[in-house]
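Take a look at the structures below.
In the two complexes below, chain A is the common chain; its partner is chain B in one and chain C in the other.
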Partner chain A sequence: MDDPTSMTDSPITTVAPGWAIVALGILGALAVTAAVLDGALAARARGGPGGKMGGPVRPFGEAARLMRQRRRTTVEADRLLWRIGGAGLLVTAALMVTVVPLGEWTIFDLDVGVMWFNAMDVMVWALVWLTGWGANSAHSLVGGYRFLAHGLGYELPLMFALVAPAIAAETLNVGAVAAAQEGLWFAVWMPVAFLVYLLGVAAFSVWGPFAPAIGTDVSGGARAELSGVDRLVFEAGRYALLAAGAAFAVPMFLGGGAGPLLPGWAWVLVKTVALLAVLVWLRRRLPAFRPDKFMEVGWMLLLPAVLLQDLVVAVIAVWRS
Partner chain B sequence: MLTDIAFWGIGLVAVLGGAAVFYVDSMARATYALALSFVAVGMQVLFLQQNYVGVVTILMMVMEMAIMAVYMVMFMGMNPALMPMSMVHSNKTAIAVALTTFLALATGVLMVDWPTRRGSPPPDVTMALGESLMGPKMLVMAVISPVMVATIVAGVVLAAHRTRYDRFGDDLKQRPADDPQPGGVGR
Partner chain C sequence: MDHEGHEGMDHGGHEGMDHEGYEGYEGYEGHEGHEGHEGHEGHEGHEGHEGHEGHEGMDHGSHEGMEHGSHEGMDHGGHEGMDHGDMEMSPGGIPLAEGGEDRDGLEMDVLQVRLGPVLRDWPAGLVLHCSLQGDVIVEAQAELVDGRARQDDDVVGPARGIDNIASLLALAGWDDAAAEARRIRDTALESGEGAAGSELERLRRRVRRSWTLRWSLRGVRRLSDKEAHARRLPADAVGDTYDRLMGMLDRAVAGVAATAAGDTGTRTNDAGRTLSTDHLAHLVMGLDLATARLVLASLDIHELLAGQAEHEVSHG
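This part shows the complex of A and B:
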């Protein structure tokens, strides 16, 4: 039994595990950036600064409020599963970014990094449903089921969207996928996969069009009974997932650390923040996907489109070799 | 040393998670205890250098358990499994079968001479595993896959009580289709 993180010949340096703290810090900073931007956009949508704690400072005000709030309890709650679900999102996002190279450094240079990311995003299925289930509350449970209904629609297109860069780069190692985009980013010549991937990121962050699982029409859905610190951790987890999804898109579709003047790590951060800003902005630009209807959209439109994309990519990959 | 401890620790989690499936009193807990057990198994497979197989095990099993929890809550038990319920039945038979199986297997373990390792592991164990599992039988597998999919589709078609005549009318001309649950693309 050797070290499980067997290396392939990737262009990436693995850093000492202690650097995971720094990676967590960056993820946290990205999540806060997303929340600040969302607060600013919310204030603009309402046409004003939105009170003393509105606008860009809203996330800090919310955090302070939630940390002082008393925990709401429900009768016969399955507390264990409930807490696992609520806290798990943040953990999952942290596990996602372990395989994302920051320029030339990575924490976990796994040879099947793309699959690792995919496995982590599937975790969200379990976690959101557990959050909905644990509270022993009807609205909360409806929210959990809504998320699974969305999941059945978005997950397969997302998986096949991740297949496209892997085929083109002929590897599942994230660093090697980034290195394979010398000259031409995958986002440019596989746009369908890129767009479906972004939709998937919004979906596993319960964001924008995929927010009905936590919608106001079911009094907050999966998070209906979450209060205080639990709610803060759940919300932080959503922003962190959004940030992790944006960060993972950079080596997969946007050429990793490639770019002029700036060093690789800076380009990764710049691209991540840009993509994150687009995702946050899209929240108010897209209509909600109804959970009962989205599955057909996923299977009749997105899945064939992304399969065609994979076919095109595979033909080009074979032709080039 | 540390990897050995981690490997055995994760193995313990896998076994205890599997046992918890029958010990807990809620369908949700039973399902996710099984998921935990599978995740631990997937991590053990990672320790065996089968990175792809390990990560895929985690991916598929978490996804499957998320869906299975829905079905378990829907179909298991007299109540729709929203209340506490026992996860075991036919206790006496089950205990007899379990004990017999355990004794037979344990006897086997103790009686058989354990083989010594021949050769050494190949550089890419995942590749080697795939070759030895599928290598000469790839054609058979490639033929079986579409047959299996066709069987699933045929089974669903036969089981569904609504036909295309219910959806599109007697002359199959009614658009959009008359579905109890309208889809998202307006077919």
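This part shows the complex of A and C:
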């Protein structure tokens, strides 16, 4: 990994590892943006600021409240696995963005960056389930299993959605995929893969229609017993995953840093925030996809659709070469 | 061993399971409510085991393969004031889950989980003692806490209906629409002059337009005419959960309009919305937690009555 650029025709430069701090800062800022936007939209739905912690400032009030709240634990909790699950989401999101180029800079210029991202999103399966399992509570466990049920429905379509840009660009290097979209974004001529990818991002962030794993009907499901800092870290992890997912879509589907006037890094951020806003807004529009019902959609509709998309992309790629 | 765990199971698990802060709920004695349960006629072997009320409520269908003879040797005295912490099979005072036959014939853990009486988006006062296998309710007993009849007036009646709509929407995972419904409920309570009417109409349109909600609720616990009658449910409970949601919205729109017009004729409608707990448990058996809660919310319960089965047992 000391000089991965020599192995590829990647158009981007790897920055010193110390810049990872900046990447984390950007990820954090994006996560906060998503939380603020969600707070604002929630307040609008309630028709006013509602309560003393309403509106756009809600995430800050909520964070302050959780930091002061005493950590609660349950009888015979599997504490180690529980903590790993709760804190892991944030770590996973951070690992995801290491392969996302910000304009011309990236932290890891992996030859298999796309696979790296995919491996990270699969890790979320284990983390959410462990969060549900560790608390030793029935509702928590039900929540954890609900996530796995959703996972069975969304993961394969998500994987094949990531395959489409990789086929078209003939590489798994994220920077090279972005560079391969000269003139025409992949989102434009592979819309099915793009939409399925966005659904996948919402799913691995346990967000919006994919939130039954933490639903009110099971008292908060996987996160039911999380309190204080544990809960704060878990929630921050969800927003960070949403932000990381949106950021990764930019080089994969939206042409990376390409755009007029602004420099590359600015375009990456603008596109990321725009996608993030769409994902946050999605939650307002859609009811939950119940896991048992979504399974059928995942396998009977999304998977065939995205496989067909891959086929079309592959035929075009062969025909062009 | 098997059966000793029953009572402790229930009590030990409460703290962790009820998240609505009802820790102080005392006086409920384990499985007493189960005595009223029918369908265990075939189990003569159990007669004489005074200490085993908890048995009656269990799914005896799954006991075919068990050796009932083994009960004889058990120390029944141990039921009183058992210290579960000392038992090898109860780490931390919570006995391990017992196995039970699942729908597919394989053994699966049975968890005793109590829902209610105070729970978000849940009929107030209703307590459902569930035996869960995974998240499927294999056995349920309904009970009512503080079942005093309230008198809904012309303003509170429709508002309660709107509140029930909000609960169902929240359980369906549509926070935005649920928040809107709650806001309309508040408007209906405050002004009482039908200002909520147009907003309610808009909510109805919005809900009707959502094809994802329709897809999610279609076919959930479809009730036939006969079934609804047998369970003493109101006639509008016929159909699936989506039909019932639409019915709730229609009634709410009509109720608010009637109140605004000063027409008190709708009161008769509300009278039919008092349900007995007797029939609720049977409605949700065999469903998973999510659908069970959707079904209960879709019944638009304004008032609950303690069922017959409950009156038969003594509440020490």
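Details
Operating definition for what follows: the second predicted complex is superposed on the first by the 314 of 321 C-alpha atoms of A that agree within 3 Å, B and C clash if a C-alpha of one lies under 4 Å from a C-alpha of the other, contacts with A are read in each partner's own complex, and residues count from 1 in each chain.
The rule is simple: contacts are C-beta pairs under 8 Å (C-beta built on N, C-alpha and C of every residue); 3 or more make two chains touch, one makes a residue touch a chain.
Everything quoted here is computed from the prediction, not taken from an experiment.
By the touch criterion defined above, A:Met300 reaches chain B but does not reach chain C.
When the two structures are aligned on the shared chain, A:Met123 is found in touch with chain B, with no touch to chain C. In the superposition on chain A, no contact is made by A:Thr14 with either chain B or chain C. Shared-chain residue A:Leu286: touches chain C; no touch with chain B. Residue contacts after overlaying the shared chain place A:Val218 against chain C, while chain B stays out of touching range. Once chain A of one complex is fitted onto chain A of the other, the partner contacts of A:Tyr145 extend to both chain B and chain C. In the superposition on chain A, contact of A:Val112 is made with chain B only, not with chain C.
Looking at the shared chain after the overlay, A:Gln69 reaches neither chain B nor chain C. Judged by the touch definition given at the top, the superposed model places A:Asp78 against chain B, while chain C stays out of reach.
In the superposition on the C-alpha atoms of chain A, the part of chain A touched by chain B in one complex and by chain C in the other spans residues 145, 289-290, 292-293.
Residues of chain A touching chain B in their complex: 1-4, 6, 78, 80-81, 110-112, 115-116, 118-119, 122-123, 125-126, 129-130, 133, 145, 148, 151-152, 155, 172, 289-290, 292-297, 300-301. By the touch rule above, chain C contacts chain A in their complex via residues 12-13, 15-17, 19-20, 91-94, 111, 113, 119-121, 132, 134-135, 169-177, 179-180, 182-183, 210, 212-213, 215-216, 288-291, 293-294. Those residues of chain A lying in contact with chain C across their complex are 41-42, 45-47, 74-76, 135-139, 142, 145-146, 209, 211-212, 215-220, 224-225, 283-290, 292-293. Interface of chain B with chain A (complex): residues 3-4, 7, 26, 28-29, 32, 35, 46-49, 51-52, 55-56, 58-59, 62-63, 65-67, 69-70, 181-185, 187.
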